[in-house]
Amino acid sequence: MQCFRTWRALTLSSRHITVWWSRAWSSAAGPGRLDLRGIYPPIATPFTASEDLDYPKLEENLHKYAQIPFKGLVVQGSNGEYPYLSEEERVEVVKTVRRSLPTDKLLMAGSGCESTRATMKLTERMAAAGADTALVVTPCFFKGRMDSRALIQHFIKVADCSPVPVVLYSVPANTGLELPLDAVVQLSQHPNIIGLKDSGGDITRIGLIVHKTQAQDFQVLAGSAGFLMAAYCVGAVGGVCALANVLGQELCDLERLCVSGCWKEARVLQQRLIEPNTAVTRKLGVPALKQAMEWFGFHGGACRSPLQPLTEAETQQLRRDFSSNGWL
Amino acid sequence: MQCFRTWRALTLSSRHITVWWSRAWSSAAGPGRLDLRGIYPPIATPFTASEDLDYPKLEENLHKYAQIPFKGLVVQGSNGEYPYLSEEERVEVVKTVRRSLPTDKLLMAGSGCESTRATMKLTERMAAAGADTALVVTPCFFKGRMDSRALIQHFIKVADCSPVPVVLYSVPANTGLELPLDAVVQLSQHPNIIGLKDSGGDITRIGLIVHKTQAQDFQVLAGSAGFLMAAYCVGAVGGVCALANVLGQELCDLERLCVSGCWKEARVLQQRLIEPNTAVTRKLGVPALKQAMEWFGFHGGACRSPLQPLTEAETQQLRRDFSSNGWL
Amino acid sequence: MQCFRTWRALTLSSRHITVWWSRAWSSAAGPGRLDLRGIYPPIATPFTASEDLDYPKLEENLHKYAQIPFKGLVVQGSNGEYPYLSEEERVEVVKTVRRSLPTDKLLMAGSGCESTRATMKLTERMAAAGADTALVVTPCFFKGRMDSRALIQHFIKVADCSPVPVVLYSVPANTGLELPLDAVVQLSQHPNIIGLKDSGGDITRIGLIVHKTQAQDFQVLAGSAGFLMAAYCVGAVGGVCALANVLGQELCDLERLCVSGCWKEARVLQQRLIEPNTAVTRKLGVPALKQAMEWFGFHGGACRSPLQPLTEAETQQLRRDFSSNGWL
Amino acid sequence: MQCFRTWRALTLSSRHITVWWSRAWSSAAGPGRLDLRGIYPPIATPFTASEDLDYPKLEENLHKYAQIPFKGLVVQGSNGEYPYLSEEERVEVVKTVRRSLPTDKLLMAGSGCESTRATMKLTERMAAAGADTALVVTPCFFKGRMDSRALIQHFIKVADCSPVPVVLYSVPANTGLELPLDAVVQLSQHPNIIGLKDSGGDITRIGLIVHKTQAQDFQVLAGSAGFLMAAYCVGAVGGVCALANVLGQELCDLERLCVSGCWKEARVLQQRLIEPNTAVTRKLGVPALKQAMEWFGFHGGACRSPLQPLTEAETQQLRRDFSSNGWL
């Protein structure tokens, strides 16, 4: 812990310090904690036809997102196809977003890698590139050995040396493992670990995490729009939702309804969002997310290989999942 | 469908008809549908030391449960160890409960078997024994062939001939399969299928089921206390909760808070119930449920073999899960 | 153990004793152990159009099977749809087979139920009905509690009181659990537990079971034709193979090639059997097994509901899996 | 395909061409195919106390391995902790091995990455660094979209442009997905895809792959020592076995026994290898492999974080798994 405090004091850019103190350490989320409350799209990464990064299209998307009352953006969540980007590309995309992002919005950058040392290094680079907080996914290749002991050590080392607060990221559909509850509870006590993005969607677990970390003012974010309302109901403070790339305003509306206690109205809206959300996540994945973005005025485009474009039948299914709920 | 209506008209005892019309077909749950709203303990089955049914202890439990504002009782849900009872025992337990149960309480009897023909027969026997509604679990032995087509056929045949309304029952932790959403939606249109007990706990799925069946006034019951509040939040109308065998009043309190929109108070109570609930279900199972019943003044006792009593370490864990949440 | 020996001495019919001593306790399988070596079809159960048992068709199948050098028959393995039969039907089918079966063939009867008490009772009835050995499947409903401790207790109680030797049965595709290796090893030491039918097909596990039980002369049977040759290779002594209902002589040929060390010829034959076997088991299940039986001159017919007949597309797939390997 | 042939003709170094023609395109494995038959240790990567690459220790291991009749070495299989190495490190390790490896041994280099473009690039670099063949693991992050269509496209693109033949690599314990059989069969027809390392261990599948690819002279390697003998039995031509890092001579002995048809002797040896193999793979993973290497005179040492050293209890378990089989 010494390391974390000293190191952070020495390395933080003045930008971080000033922006943090205006934006982050608001009283509502507890003294000294970056306030994560709100909705974040985990933005998609546009590519050219030859699969190179398409920065102009990225920036056009960012301008459109600026009109929506998001709390911030997640750059290089799963939907950003981060495993398909080189380290340089990952950092460069964060820099690009930082330049475009209004200063009152948070930039949460995915910095997880398989090894602890690579994660530590990339987390530092992400902070230097302008990230306000680092979203660190569970390493997962050696699943059989990624028990609580290993994962706790991993996240502590990363958090100790990260210049910015760390948000844990559990996404079992992609990684094949869930960050164990006891690990979350123990890690919530680290001064530089401030929250969890939980994409597994087990609402019992989410409720229990809120319950067992409340002394730490630990902030839980729903990792998908399908259970956003239920997550608010049991104590989550926001959501990182792929669907926000497409229906961003609608998800901010849902947030507002939940936060203000309008549960009946919230339910009506939530229910119409489940099928479109499942379509762009579990069912058809990032290629569907990017296709839907095109329909709603954003730049989606193709994914990097090995992700394949939707088949014609999948595209029709996707369209039905939006149209049958009144969105198309 | 003809079969269902004619047959039912001919075979229903006058008792069923009169009680139904006073208790069941209340307007709030839609015209012509048995109103399932509320909390149900899936009651445990007490055995003697030699593993025989212990009817006196069962009746003592029933007298205590009569003091709690349950909507009714579930007899032979999973927690009743129904797979360990003979068909005769299953029917006899229902008869015993019926005799003891106040007439304003619903008796939901588990009548699921592996084959359709056995399920049809037992469902009729359960109705004759006094069940108001039949809880029919998915058959599961030939998992690889239990697709929507097979399950829809199964439930339609059972519902067509059942003298009482049918509630679908999906409990993947025990059966290894989840009743597919498209099957639920299609079955919800059957006039004699009125609801679903969903013990899987996927809150996204539960919300979507509510959404896609609302034209049918289909009633979804949370199958476990761990996600009861979240289920109410997304549109469920009640819960069948193992933990209600132990903390029945508390679950009825939680119901009241949810129904009356007191979500903050509900959340505080819900959170304290998750660990005890997990302990008596997923983590330690029926032997833990029965042990906890003993601590709270009910008759639990041993399970039938092959279920084993808790080890000493498990008993301590169980105690901690209750005491650390203020229940012991 | 006392119980087992005394009880058995008192209850064994003279038929059992004499047949056993001529057929079973051959020296090759060790002193005092029923010799299981060879191939067994787990026979299908024919039904009439109204889903009643069709004994005449069963007997016609049995006459055809009598021409094939099987070691014996398994009655009420999974392929016999035993979970869809009543207890009376299960016993009656065994009696029917016993009457028809030549005395030099073994009758292995499935007697597993969910509860230990029901399994004990049915095992005794199966022995009385003429079974030479009882095939006892793992109970599985409360999967989360069916650990080694529970399963060992279950099988010991059954074996203690069984008048005939017990064969363990692990079939994870249907039960959702695998009998743990440590439980198998411990149970192999019971004097009345003589073998295992392993349908999981993990060849590493099968090899290790053979290795760790060799002091007990424990006999492992491959539970499916797909890995029969590999199982022989690592030390199994026979096979209970659904496909033997259809291609019985071919499986006996494969046995002979393996036992006599003709591995190259065995491999050629084994490879042609994999796809037909997968088709009638994992891929299309019992309805496909029964369809294929029809093509090869046996009575298959329909399954009991909820098992559905094959769709037209499935039937074509099944035909391809046989014809592309030269069987049709 | 054009691309593959032309490109390869232009870019192959003369070294590749000459070594290939002496070593690889032997007649036994069919005209024009690199002969993969034999045993390969997927070598571990030694690190210093500060988790840097320890090249001197790597070279000492290589000298010891040179005394063992391996067919070659796999560099950066899973056991090489390749997901924890940077791209530069991955290439540098291959270069180091190439310098040390006798010219009559094959160097199979793991070049798989998540994106197709990164895999293509690294495969080319591995060839330039001296790899004789590239071992390409299935990408796995977006599991839900990694169907046959996506995986076939991925491997075709990589194989088209690879200067060296490609070996497919399916390791579901780590990746959470198995390369589907239909994809393997289709890919086996590509002129530059010569084999498969299958670490899943489903012996039915392995037998079927051999069967359905025999026209292509496709070479299947067992990916673990636990099922090596069974894999030979059904037609595999060799093994890439973590345990060969520790008991290399013994695995080469097992190979010789299998190839020469001494199945009884093979079985005795195979059985003694299962528990040690399971210990250093599925049960305790790479940290156990490295610990066992220390006991047998090799340099193992620590893993990179997040992999943790064995606990004391795990070390004792590991020792038992070797000693109870007579290896320690």
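First chain written, first letter: the chains are A, B, C and D, and each begins at residue 1.
The definition used in the following text is that a residue touches a chain if its C-beta (ideal position, glycine included) is under 8 Å from a C-beta of that chain, and two chains touch if they have at least 3 such contacts.
Values in this document were obtained by computation on a predicted structure and should not be read as measured data.
Path length between subunit A and subunit C in the chain contact graph, taken as the least number of steps between touching chains: 2. Subunit A and subunit B, compared by their mean Cα positions, are separated by 38 Å. Subunit B and subunit D, compared by their mean Cα positions, are separated by 52 Å.
Along subunit A, no residue makes contact with two or more other chains.
Taken as a graph of touching chains, this assembly is arranged as a ring, one closed cycle with exactly two partners per chain. Of all possible chain pairings, those that touch are A-B, A-D, B-C, C-D.
Residues 51, 78, 83-86, 114-118, 139, 141-146, 149-151, 153-154, 157, 173-176, 282-287, 304-308 of subunit B are the ones that touch subunit C when the two sit in their complex. Here subunit D touches subunit C in the complex through residues 201-204, 207-208, 210-211, 224, 226-227, 229-230, 233-235, 261, 263, 267, 270-272, 274-275, 278, going by the rule given at the top.
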